[in-house]
Structures are given as structure tokens and as C-alpha cells.
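Down below is the structure, laid out as C-alpha cells.
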Amino acid sequence: MTRVAFLGPPGTFTEEALLTQPDLAAAELVALRTMPDVLTATTAGDVDYGFVAMENAIDGTVNESLDSLVFEQDDLLIQREVVIGVHLNLLAPPGTSLADVRQVVSFPKAVAQCRLFLASQLPEAEVVAANSTAEAVRQVGEGHEPGTAAVGTALAAKLYGLDVLAGDIEDHPDNATRFVLVSRGHIPAPTGHDKTSIVCFQRSDHPGSLHAILGQFSARAINLTKLESRPTKKGLGDYCFIIDLEGHVADEVIADCLRDLHAQLAGVKFLGSYPAAGEHGAAIRRDADAAWRAADEWVTTLRERVGR
Amino acid sequence: MTRVAFLGPPGTFTEEALLTQPDLAAAELVALRTMPDVLTATTAGDVDYGFVAMENAIDGTVNESLDSLVFEQDDLLIQREVVIGVHLNLLAPPGTSLADVRQVVSFPKAVAQCRLFLASQLPEAEVVAANSTAEAVRQVGEGHEPGTAAVGTALAAKLYGLDVLAGDIEDHPDNATRFVLVSRGHIPAPTGHDKTSIVCFQRSDHPGSLHAILGQFSARAINLTKLESRPTKKGLGDYCFIIDLEGHVADEVIADCLRDLHAQLAGVKFLGSYPAAGEHGAAIRRDADAAWRAADEWVTTLRERVGR
Amino acid sequence: MTRVAFLGPPGTFTEEALLTQPDLAAAELVALRTMPDVLTATTAGDVDYGFVAMENAIDGTVNESLDSLVFEQDDLLIQREVVIGVHLNLLAPPGTSLADVRQVVSFPKAVAQCRLFLASQLPEAEVVAANSTAEAVRQVGEGHEPGTAAVGTALAAKLYGLDVLAGDIEDHPDNATRFVLVSRGHIPAPTGHDKTSIVCFQRSDHPGSLHAILGQFSARAINLTKLESRPTKKGLGDYCFIIDLEGHVADEVIADCLRDLHAQLAGVKFLGSYPAAGEHGAAIRRDADAAWRAADEWVTTLRERVGR
Amino acid sequence: MTRVAFLGPPGTFTEEALLTQPDLAAAELVALRTMPDVLTATTAGDVDYGFVAMENAIDGTVNESLDSLVFEQDDLLIQREVVIGVHLNLLAPPGTSLADVRQVVSFPKAVAQCRLFLASQLPEAEVVAANSTAEAVRQVGEGHEPGTAAVGTALAAKLYGLDVLAGDIEDHPDNATRFVLVSRGHIPAPTGHDKTSIVCFQRSDHPGSLHAILGQFSARAINLTKLESRPTKKGLGDYCFIIDLEGHVADEVIADCLRDLHAQLAGVKFLGSYPAAGEHGAAIRRDADAAWRAADEWVTTLRERVGR
């Protein structure tokens, strides 16, 4: 049976996202303690797939996942991305009212995302850190301490016997998180609606180097959906760039762009070509754009005139 | 007396960094609970200065500080930057040996930075989250639980009565953190060795927009020391760019660059022009570079020929 | 009395253009045989000003003038530009009809500009080259050969006793030629409606060098009104670039751009800053553009906050 | 028999260049009066090939050829380029000595290329224009006027019975001219050592448009061997750009670049892909460059992992 690792304990956002995918929901799910553990287990072959959060619309990149994928894993390829809305709830043992709450336990990033609710409704409550939202819910569920509450998912509330004291308490109602499924092995076939993720390492820190990298994309009108600088862990000011772009390595224009980047940079790490989530962008620019189709026909006609 | 707010409780890395600055060490120090609290108190005039971490060489941007500075504060200007090496220690109540340790308490980012030490020396220990390294040290110091240890600073060990079980346990010995001092009010006068920090908001998410922004710097040979993309909290894929560059708004070339960025972008937020930390770069390119000095003389000579 | 050299003999287009300028028309006019002669006489101080054609809307750059200005003269600065419409006429001795014409004498460029007229009306006529249109008219005027005609100006027809057989015979009725007045000495004061002309010499012939030059202008939104590549006479494929841009060396943005070009290139030759001809562009972008004015105010406000 | 048109009369530089090509030398040669005539005859099918000068190392583009090719012909493709050194001679009837020469007849561009010789050796001689160097030699050869000389080729001297009074009188001994052979029909197959010629028409005259065009090449590290701006004959300041680049439309990288240019610009005219002249550049960058070969292997390996 296919085995899929994810960030546990049961009841995390990650599990919520994973369960939206019928094929993954049918697999054997393996809860691990950290996102780097999930990726390392996948590299080692202990599981077939790993499923980790990559980016949050409010909080930005999930550094633990990204750094492990970029700096610690070598053979993993992204197979799919999954984007789900983030909804946070204040959860407490049955019988607790909002006025009773003296202590709120949660993952610091989750607390940061409902700062306004906590400041207005529970200005006196002590905030206590936990390793994940599910961990927080489990602690509160198992602790039976009066006056404690957790910030977490509805799924976790069910698992650990808590009630929802207040729902959708997040500051930004449009908040969303992007997850990726990784495995060793193949690159998914192009669907006409794909993304490619790469990491670009600069040859040296001179002005204009990122400018030159971006020139490769803008010259080819390749759309970027994400650009993230990350320290290379070699000293302040030494960055690499994580880039998500529209298109698949099987597309000529993407292949040619990757060739040029590889030839010019200190390094390019390929993280995968995979179907893009969502409805938006049912096709990449090139198929949708009349000007580009006309250009393509022009070049095709020219090339038919090449003698042998 | 001058009042300076910082991230407490006493014993944090932030306090260690602050105490390296004699004028700040002589001020009244005000420990606040979060970095946004420090910035908000400075904006409100409750303190004269705020001192917060901005960036770590291993872990990247300190999102809490940066997001608050970019999105929540309006009148703060960076006055100074301070860079110090990061050294982490395993701290425990007197009499504890490494073999006794069953539980390690700390700020998750600190734990992340000594993952290799913990994996090899304490593979069985449970990791427990705290709100800061100093908080962790205080918990262990006040808890008197046998078998508990904290990851934190030597300063905190002294404050809370712990011994150093193992020193310099961080994975990357060259790790460093950059802090900034902010206040309302003036821009420090240029020293010939300055940085300027800005935030650029794109007019729209089309390919080439960051490319165009960077073209402004590369055309003028302005060196960038930091480039960071951050979500604008309006949805996945909507970014602004935090940029540190060499030079001062009082320099003509920087002023002209800022004018063009402001005219072309949806928004530019000015975070300050201030003396750069460290010995490196005793002057910006323009004074040091013979070709540029020759160019400057040429233009000066030309302009002397302009009639009236 | 002020002396102005121009391309003779009397009756050339150059003289027509020169006479549109009242101050020059009142000066002592000195007709010389070639455009390089005009420029060399100005450099030598034999005359106070030289007046030469630089560019034609149909035919492009006037290479003789441009090459002499770029490669042979060192101290000349453009003082003014003059643009006039070009109208060509078929001229012949009184009594000649179109059917009589067996031979057409003219400057080859003038012949090229009324090729359609000659092909349809005089398909059998022999075309004979002369050194200038005025020279052609003089030859026909003094030769008294039946069946000969010249292509030239109405001014020359009067001077040499010919009639206009057919007027405005040029193929492109909107044709225009741009002339410049040069002298040693000062740069005219800025008028708010100026152009600057420079020559950029590449450091080496690698891909991207002109791209980098143009990046200097586009980053600053400096408008180019002319871009011309010319061989440097060192071998096929070795070019310099003659560039006209909007603005004056007294403008900060232009000065800064010139500094960067000078510092980065093998050479930059300054040909002048001078009032632009015509009504179009009553001011450069920067004064006219609300976004840029707002940007300028923003930077000015920032700089007022710089301490001392 | 294959018919090749060229600029006559016999004895022109063009014929000299043409005779260096054995296959063309064996064809039926058709001397026409102007370079546009040569191109028009080729378009009309009156001849199989046309052979015209395109560019001179000292004098730059041959505007008559280029403008006709760009603006007047639609179906011609460059098949080959030929580069030959330019050597000019002073030719006179047998028995003439240098001291006898009172008048020098030639094509104005040829006269311009030996200005230094004429100024030092024949400062008093009158210069008379002719339609080509061969025409000048023929005039002098048939005129039998004492004291007349022509500037022209050794081939013409033989044809019209003149002696070489002084050889290699050109100012720049490394002068060279580039010719092209054009025909309707096929694009020559790639040889691994090819050039492609195109004309780019801007969509509008805004700052940065040529910058964007050149970005297409520099992003792909495509080397340009020629860049020429030419007026579009629609008014001063309205240019198109004639570009020669290394590579063949059959190369993926060139095809992709042409597609993007075509999609973004008002127009792109394809003038041909053809073998480059000379020994230099035995292969384009991509085959010669280790970094690029490594990049290509990397992409190939990636693409082999794409599933179906």
C-alpha cells in the first residue's frame, strides 16, 4: 500500500490539506514530528510520498520545509501542489466559556495569524508555545486543565475531544496555505497547466546578478508565480533564489531558459515540474495568446523552408 | 533619560546585541514581550528607540519584526544596524550532566540552529517550545525539574542561575544576526559608509516587474546587500520586496534612483539611511573607484562649460 | 563680423536651412566644398560656427558630417539644431519641356529621393552624378546643353538661371533634414527643452554591451530621440553608438547617467547639450509628469529630514 | 544556365567579390545599373541570384542595398555572405605620371576612402563624381583626356586599358566590404557556423524598446555581429533595427528568440539564415562552450525523467 508521510500528530492543517486529495486520503498515512523528518523519510524510501507546507499567504515561506528541500534533500521532485484556505478556531474542553480562558496554547505561527482576535477577546490570556497546532490541541485535550484553550483545526478538535469556542478567528479571512507532494522518481507529464520550481545560486554577489536571472524570464515572457530569497547559510547577504514559474521542463521555452540559467549560474537546483493548483491559468501564456501563436506559425513556416 | 525598548525577558540575544553599543547600554532598557510590541511602543512615543532583530544568517528574515515595520508602523526610521555572532549553549541547573538531560526547552528557531548537536548528543530528549530563548532559560531556572535543560545565551544562564553544559552548540559557527535601532525623527547624516532600506510595492504582478526594479540599481551600479520578497498578505503570489542598498538618500545617485522607483511603482516605503555595520566597505563604490572618479571629473568639467 | 561656414556652392539645401535662422542669415556666410571642410574650419578657428546636415528622414545619417564630428574633431559642441522639410525640384534651362530631358544631373542622394518620379516620368533619361545638388544646378545652368536638367532647390534655380520644370518631386512628401550648428566653446544654458548628443564606445564586442548602455537610459526613463550605430573604422563589426537623448548635462539625472556611462565604457564623447528644434516636447518628461513630480517631492521631503 | 545579377559595369568591386566564388564565377553574369535594380530583378525572377554590397568597414552600411532589401523586396533570402578586403588604386592612361593629374574621377564613397592620399599627393586636383568606380575607370579609359585619372579596381584597369599609377591608396589598409548573395526560395541548411539577419520594427517609440529587443538576445547569450538603426522613412526619429546574429533559425534557441520578438514587436522581417564568412567562429557558442554543454546535458537528463 502506498505510504504518505505528513506533519503530525493527527489533526494538523497538513492532514486537513492531504485529506482533500482522494488518492492520498486512501493511502497509509504516516504522521512524523517535523517537516524535515517528512522529507528525509521520503528521500530514504521509508515512505513513497511526503506532503509538506511550503508557503502561507500571510506568513510567507515555511522555512523548515523549504530549507530542507533546498539544502538537505537531493532526489525529491514535486509531484503536485495543493492550496487550501486556512481557518483557525479557538478550541476548549466542553463546558468552557470564552470568559474562562486564561491560557492559549498553539503553534506560534497560528497565534500570529489570529493576533487581532486574541488582542480584543483575550487580552489577558497567557500564550504558550507548542510544536504544532495539533500538538496544542492534544495537550489541551489530554491536560484537562480548566481555563486552557488551543488554537487549531476543527479536525483536531474532533480527534482530541474539544469544542469550538470561536470559529474562523484568523485576522485575514482570505488566508491560504500551499502544500506540495514530493517523491523520488518521475516528473509528472505536462498537462498544459503546469508550474516548475527551481533554486538559483548566484556565482557571486555583484550588483545585477538577480537582474540577469530575471532577464532570462522576462525576455521569454515566462510568468513567475513565486520569488523568494533565502540565505545560503554562508553568511549575511549570501542568497539563493527560489523561483516558481509557469510552464513545464518539457516545454521548449522552459528547457531553453533552464539551459541558459544553468550555464551562467553557480548552480540551479530543479525541484520539479508539476500540475498547478486551481482553475486560474488553464493554460500557459503561449497557447492562449494570439500574438504568440502567430509568431509560432511564422517561425514554423520559416523552418519549413530550410533546405537539407 | 533615554529609553530603549527590546525583546525581553532579560537575557535574550537582543539584549546581548544591545549591550555591545555603549550609548544604548547606558540608557534605560525596557523589556517588552514581542518584537511588534517594541516597534509599536516606539511609534507611540512610549520609548525613544526600539531595538529589534531583522535577519539571521541561517534562518533568514525575522518575519515578526519585518512585517511589523513594513505593514504596521509608519514613522519609524532605522538609525543604526548592529551585527553580532550567534552562539548557543546548552544550559542546565548546577549538577546536571549531559547524560541526565531528558527534556530540552527553547525557542523553536534556536532549536533549529543546533539540530545536529541535539541529534547526535541528545537523540532521545523531548523538545519543548518556549516564546524566546530567555524565556526557556527562565523556565528551566525557576522550574528546578531534574533532567531539564535550555538552549540559550550565556547572559541568560547568569541571570537565571544555570550552568553551561555545552557551549557553542550551533550547527554553523559563522552564524550572525543583524539588529536595527529605530526611532521616529531624523535620518542620520551620511558617513560615507551607509545603507538605505526601502520596500518596493509592485504595480501589478506581470513578468518583468522585479526585473525593472532591479534594472534601476544595476544601471547605476548600486550594490544591493539584501533582497527579500514578502507576501503583502493579499493572497498567495502577491509580493513586495525589501531591499537594502549601499548609499544614503543624501547621495545624488540614490536620490535619483528613489525618484524613479517612486514614479514607476505602486509604492515605495522608505525605512531609513544609516551607517552600515562592520569594517567592510569603508566607502561606497563611487569614492573608491578610479573609473568613477574620472567620470565624475569629466562631467564636472563639462558642466563648467555650460553658459548662463 | 560673425563668420558661419556651410556646404557650398550657394544654393544648397544647407544654405536654405541656414537662412531660416535670422541671426545666422545676418552673419558672413562662407561656402566650403565638403562637410568635413566646414567642421575642420570651425575647429581651426577660421570661422566662428559651422553648419552641417546630420540626418535625413529618408536616407538616414549624413555619414560625412557625423564621421568627421565623431572621429576627426575634438573641440566642437553642438549649439543648436535646425529641422526643415526637404522639397526637390526638376530644374532646366528656360524653354525646356519635360519631353526634352535626356540627362538628369544631381547629387546621388537627391536622385535617390525622387526615384519614383524619375522612373515614371523620365524612364529613359541618363542619370549623372554631381558633388551636391547646387553643383548640379550650376553645371546645368552654365553648360547650356539642350536636354539636360538638374534636381535641386528653388534657391539654386534662381542663382543659376534655371526654371522649375516640376516641383516637389520627392517620393516622400514628409521628408525632412536635421542640421546642427557647431562651435568651439560653451554649452548653451538649459532651456527646459534640450537635447544632449553623445557617442558611446564599447569596451568589447560581447553580447549585451549595447543592452547595458540602453539600460542606463531606460532605468532613468530618459527618452532617446536618435540611436545610430557607426563602424569605428577598425574592422567589420566594431561599432560605436551615436545617441541623442532628451535633457541637458546641467540636469542631475543626465549628469548622473553620463557619469555611469563614462565609468563603464571604453569611451564617451560629448557632442553637446542644446535647445531642441520644434514645438514637440516643450519640456522633458520630468517636469511634465505628475508621477515624477510626486516622486521628486517625496525625495525632497526625505532629504530635509537628514540630520547634520 | 544559372544567372547572377550584380552592380555593373564590369570592373566594379562587386564583380571582384563575386569572382572569388567559383560557382558564381561559372554562372552567367548580368551587370545592372544600381543595387536596387539587382534586387528587383531577383525578386522578379529575371535572374536566379542577386549579389550586392551590404556593409563597408569604414563607411558603414550600403544604404541603397539595405533599404531596398528591407523596404522594397518581399521574398528574397540571403544565401551566403562574402567578405573581401578593399584595395583602391589610382588609375590613368598609359604614360601619365602623378604630376600630370589634374582631375580625379570616381564614386564619391571611393574618393572618401582615400582622402588622405589625395590630400597629400594631389591637393590641387579637381574631384569629379561618377556612378561607380568602374564607371569612373570607363570614363577615363574611353575619354583619352590628358591629366585625368580614376580611383578604381585593378580589374577595371585591365578592362578599360588604364595603368596603375599608385596602388593601395586607401586610408585604412584593413578596410573590407561584406556582400550578400540573395535569391527567392530556400533557407540554406545549417552548417554549425551560421548567421541570421532580421529587421525589427518597434511597436512605438518609447524609451526602452530597443533595450527590450536586445534583452532577448543577451538573456540567451546570442551574439550580435551587426546592429544598425535605419529610418523607416516615416519621419525623423522613427527607426527600425537591422540585426545580424550568430545562429540559424533551425537552432531551437534562435527559433524561440524569433518567436518572442515576433510576438512582442510591430514586425520582424526575416532576411535569412546562411553560412557565415571566414574562419572565425567555427561554431556558435553553444557547441563550443563547456558550461553550455553541461547545461544541455542536465536539461536532457531532466527531460528523460518526464513521465507519460
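Letters A, B, C and D mark the chains as written, and numbering starts fresh at 1 in each.
Note that a residue touches a chain if its C-beta (ideal position, glycine included) is under 8 Å from a C-beta of that chain, and two chains touch if they have at least 3 such contacts.
Note that this is a predicted model, so its numbers are computed, not measured.
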item: Centroid comparison with chain C (C-alpha atoms), farthest chain; value: A
item: Chain A and chain D: spacing of chain centres that average the CA atoms, whole Å; value: 56
item: Inter-centroid spacing, chain C versus chain A (mean Cα positions, whole Å); value: 60
item: Centre distance in Å when chain C and chain D are each reduced to the mean of their C-alpha atoms; value: 25
item: For chain A, residues that touch 2 or more chains besides their own; value: 215, 218, 221
item: Set of all touching chain pairs, with the criterion as stated earlier; value: A-B, A-D, B-C, C-D
item: Footprint of chain B on chain A - complex, ascending; value: 55-60, 63-64, 83, 108, 112, 127, 129-131, 172, 174, 176, 178, 206-208, 210-211, 214-215, 217-218, 221-231, 233-237, 239
item: Chain C to chain B touching residues, read off their complex; value: 77, 185-190, 215-216, 218-221, 248-250, 252-253, 255-256, 258-264, 268, 270, 273, 289, 291-292, 294-296, 298-299, 302-303, 305-308
